[in-house]
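Chain nomenclature is as follows: A, B, C and D, assigned in order of appearance, with residue numbering initiated at 1 for each chain independently.
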Amino acid sequence: MTAPAARRSLPILREGTSAYLKVDPDGFRAYVRDNKQRALTPRLMSAREAVERFVADGDYLAYECNYLMRGPNELVHEIIRQEKKQLWAAGKFTYVDVALLVDAGCVSRADCGFFLSSPPIDRALREGRLEVFEYSNVIMTTRLQAGAMGIPFLPVRSFGGTDGFDHSGAKLITDPYTGDPITIVPALNPDVAIIHVHQADVYGNARVFGTGISDVESALASRKVIISAEEIIETDDIRAKPGATSIPYYAVDAVVHSPHGSYPGTCPGYYGSDPEVVFEIFRAIMTDQVQAYLDKWVRPFATFAEMLNERVGAAKLEAMTAREVAKDGYSA
Amino acid sequence: MTRAEAFSEREVAMCTVAHLVENGRTYWAAGGGTPLYSVLLGQKLYAPDAQYITEDGVVAPEPLLPFEPMMTMVASRAVHHALLWGTMNSAGLHAQLGHMDYGVLNTLQVDQHGNINSTFLGEYGGSGRRFGGPGGADTIAACCWRTILITDQERRKFVKEVDFISSPGFLDGTPGARERAGLPRDTGPWRVVTPWAMYDYEDRRLRLMARVPWVTVDEILAECEWKPLIAPEVQVIEPPTEEELHLLRTELDVRGQTTDAAGSWITWDGEKYVRA
Amino acid sequence: MTAPAARRSLPILREGTSAYLKVDPDGFRAYVRDNKQRALTPRLMSAREAVERFVADGDYLAYECNYLMRGPNELVHEIIRQEKKQLWAAGKFTYVDVALLVDAGCVSRADCGFFLSSPPIDRALREGRLEVFEYSNVIMTTRLQAGAMGIPFLPVRSFGGTDGFDHSGAKLITDPYTGDPITIVPALNPDVAIIHVHQADVYGNARVFGTGISDVESALASRKVIISAEEIIETDDIRAKPGATSIPYYAVDAVVHSPHGSYPGTCPGYYGSDPEVVFEIFRAIMTDQVQAYLDKWVRPFATFAEMLNERVGAAKLEAMTAREVAKDGYSA
Amino acid sequence: MTRAEAFSEREVAMCTVAHLVENGRTYWAAGGGTPLYSVLLGQKLYAPDAQYITEDGVVAPEPLLPFEPMMTMVASRAVHHALLWGTMNSAGLHAQLGHMDYGVLNTLQVDQHGNINSTFLGEYGGSGRRFGGPGGADTIAACCWRTILITDQERRKFVKEVDFISSPGFLDGTPGARERAGLPRDTGPWRVVTPWAMYDYEDRRLRLMARVPWVTVDEILAECEWKPLIAPEVQVIEPPTEEELHLLRTELDVRGQTTDAAGSWITWDGEKYVRA
């Protein structure tokens, strides 16, 4: 080892000044070592049990896609039902979700990529019940990607020069290779991720068909991972097409069988959305009637299946499935 | 092509952007709605080998039209028969690599240097009003070679300095400001399109370059809180055609979610277009 | 933009001192803008034309997998046949390939992850015809990943403390997020990548079945990309299963139809290797008889197909196909 | 289990490593050959829920045995019926995240602090001899929680300081040396296994902890250029059983590529094992 001693240093040209989830790759590794199951032990459980065991008050929560499109909606309902508190939400590529969770009393901090500006958000900000930190959709998924790589930060070619940068955890440094300024953003390792997928086995080997935002990155970056799946399939089926596996079992803590789990949204290739109920949630948020929505769709039911059964009905669910006609590509 | 008898202002803006769409170029359309419809309109009528990419990493789909309500991304009809299904990260990375020629965005507020605000009106953290945030627009505005912005022609939308830079234009307008902030070289705002006008940039400052026939330059300037530069010769924008409107109304924005949202209607009175 | 002026800087704790391919993300972007075809124009051509047009003397060359396993062997033969010079090889997860290309006179520099130490390498080092720079397999694919992300470097948790580090382009800096030392490695954007795949359309939309080293990363990171494919399929087939596409057309400059293009190696799922010829190349290298190998297998033939036809024969190729029995998962 | 009558030294090392394989743990096996056969042997006989990962990102395959010659990775029989097919980068990243419990390597040369040389014997750049380079071993030795090294018991392989650190052990042996070099916390060398002996580490220094019955401690030390520490009680390693050898010879290393490569044969003379 004869390299010369360092003579140089890299100036930090600019730094965002907002709070961000602590960056701790070694702490994450130690958590993985001590808590993640590398054994092939079944981890199938109910949504209730999964949320009780793996979502704690104060957790940083990542969810994949959003309430209207392959959202983990059974798990979102269960978080609301269990009245989790002080969650910090990864508000990337989200729409109604942040407002819903804020008004339900679950979320008090949000990293913003995009979410629907609306009366519940405005009230919460005014009343000091919500803090927002500024990013963008891609910067948030980049942070998750860094988290999924086990590294403390990633360089990016966007975000520099924005006011979001100043209200974030980003830094502008001098790239030691080119001498040019380069933005770096802190890795994000959420405490818990909730992810809805098309298929999974009981160990958590999971398949997503179609596009996504950052399903794989969220699963690998998060300390605790709950997968909800439309279908539970045999591990032999997983093994027959290993190229179709998106998420490996060792990243996953709980698997929930959740047919129609994205209702009222779509699970692409499996079923379309329920447009009138999609519009109902949108309208509830824009008219500040989230509590009424929760009293109708979430709180009266012990489980999501009970809600689907009593409030939606088999005929409507079948119609949503029939309406999903663009099916090419949604299979292993 | 047939002269159109009546159309909305939002339809004018989409048709104007459609005319900018070039064969053999890639378009990264922010979210869904106006940007996506504009690119699809241009592709289907004028530039069949223009390709588009969405925030969820869909490369060159052949969407099954019409879209489901609110579902211009991720949903199966929207991503149908793409060449590749990726993720938000793959879309962002392909843009960082320089594969995206044009970014198409809509926005709340734009300033003299093309900076975009979609986060906050008023003093940030104060008593102003919060909006949705940049979404994908920040990366599009940073990494595509040229950015096309769609907005309405309203005083409060054209300002000297935006209250909050959500997505970067030319920043403070000095040469190299983007590069000093770590953004890729030779990128930036290219056009702003409203229902009344089209703008380009001269020395990184917004410049009025074209107007629709039924609006004067003075009327446009009256709807700019901060006055842009004016090109020596302000060109006249072609009004929408019946063919364009037919496609827009029957296949793209079939529920009028986008086109009904704002603005007046324009009608042909036998001699000229008039604004209702 | 009201963030405080920078007060801090990051010391560079240690730096490797060896040459590495220039890091230039903006130059790469400009190359992409000016040269890559975003139009859907067919780019199918012969191996000869592809190598003539897209491999230049002095280029940095990445190849995926190796001579024995899904190697782009038709393209390797063509590079040897066209007597390309002064190439700089990305010697990751390679085996006989570097020795073959060095002794053929094509390669004069190599970044080492792993390659077979052998008399042709020893002679070339002794005679000053070869320079080697030290990495590891994963560090090389990490560098390609940085190149495929359009960023100048990536942090890694390995490589620090090794002597390879000192003979590389790596740097040890202070992570501004944790305060701990972190290694960063320079992005690699090869001049040209040659990649053998199972299926591609005429535009370059390509599918790899099974595992790989860094096929996608190489394709996205490289200025010029030649794909050779066992099968040319219809674009309609690509569109029927967009989740199966590994590499998008806009990264690809040339597509070569190359059935049995990995001979004498295996193309997993399609055909097994030809063990006696695999052993022949191994023995040729270890006994310093590469020229005899080239005179038998490469130089007498105008094309790879001619070699397959005259020197291997249809019966043997069919037997290789028949011997490939582990077929689960090798389809879209 | 049945006493084996005759086996090779390399077989002894593989069976010794197989005994270390634990249920519910992940093993990243470098390349193919000895490390992979050892893990498979342990999994098939003693730890059915041990899982392994390869450099090409294969998670927990059920390989179709026997392998093709030289094809213990990437080839279809080797990756058969895995739970996930990844890439070299995905394997590296999962290791960086802490999912890999054990790394299993073989090597050319190891020193008192567990540093590994597979690059160069002699002064680097001088007249010494070049070897293949670290391959995947550097990442395995850096990122798995515990590293198991397999090598031969030869003087020149056990040295005070390796000529070139290809893959990191405890570096200079001081507390925190790995962390100061940017490597993940609490990782490092755990065992070295040779056909004669097994070593662990005390205060980051190599320590002889066990020997096979037919070799004495003095004989082992004679085959170490740099003498390791010696445990207060040097244990005796169980010799291979017929069951282990049967599996090794009929399903794993069927062509004897690995086991024939080096070392003497050991036979049972009716009372004890003797080295030929």
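Convention: a residue touches a chain if its C-beta (ideal position, glycine included) is under 8 Å from a C-beta of that chain, and two chains touch if they have at least 3 such contacts.
Since the structure is predicted, the reported quantities are computational estimates derived from the model, not experimental observations.
Asks: Between A-D and A-B, which chain pair shares more contacting C-beta pairs?
Replies: Greater number of contacting C-beta pairs: A-B.
Asks: With centres defined as the mean C-alpha position, give me the chain A-chain C separation in Å.
Replies: 35
Asks: Any idea how many Å lie between the Cα centroids of chain A and chain D?
Replies: 40
Asks: What whole-number Å value describes the gap between the mean CA coordinates of chain C and chain D?
Replies: Roughly 29 Å separates the two chain centres.
Asks: Which residues of chain A are in contact with two or more other chains?
Replies: 1, 25-26, 150-151, 156-157, 161, 163, 180, 182, 210, 239-240, 242-243, 328-329
Asks: Taking each residue of chain D in turn, which ones touch at least two of the other chains?
Replies: Residues 58, 79, 81, 85, 96, 165, 184 of chain D touch two or more partner chains.
Asks: How is the touch graph of the chains shaped: line, ring, star, complete or other?
Replies: other
Asks: Can you give me every chain pair that touches, using the contact definition above?
Replies: A-B, A-C, A-D, B-C, C-D
Asks: How about chain C: which of its residues touch chain B in the complex?
Replies: 1, 25-26, 28-33, 36-41, 148-151, 205, 220, 235, 238-240, 242-243, 245, 248-251
Asks: For chain A, which residues are in contact with chain B within the complex?
Replies: On the chain A side, the touching residues are 65, 68-70, 91-93, 112-117, 121-122, 125, 132, 134-139, 141-142, 145, 156-164, 167, 172, 180-183, 210-217, 266, 268-269, 272-273, 275, 278-279, 282, 324-330.
Asks: Taking the complex as given, what residues does chain B use to touch chain C?
Replies: 23-26, 49, 51, 58-62, 79, 81-85, 93-94, 96-99, 101, 145, 165, 184-186
Asks: Could you list, by residue number, the parts of chain A that touch chain C in their complex?
Replies: Residue positions touching the partner: 1-17, 23-26, 150-157, 161, 163, 165-166, 169, 171, 173, 175-178, 180, 182, 184, 186-187, 209-210, 239-244, 328-329.
Asks: Using the touch definition up top, name the residues of chain B that touch chain A in the complex.
Replies: Going by the criterion above, the answer is residues 54-58, 64, 68-71, 73-77, 79-81, 85-89, 91-92, 96, 119, 124, 129-139, 141-143, 164-168, 171, 177-184.
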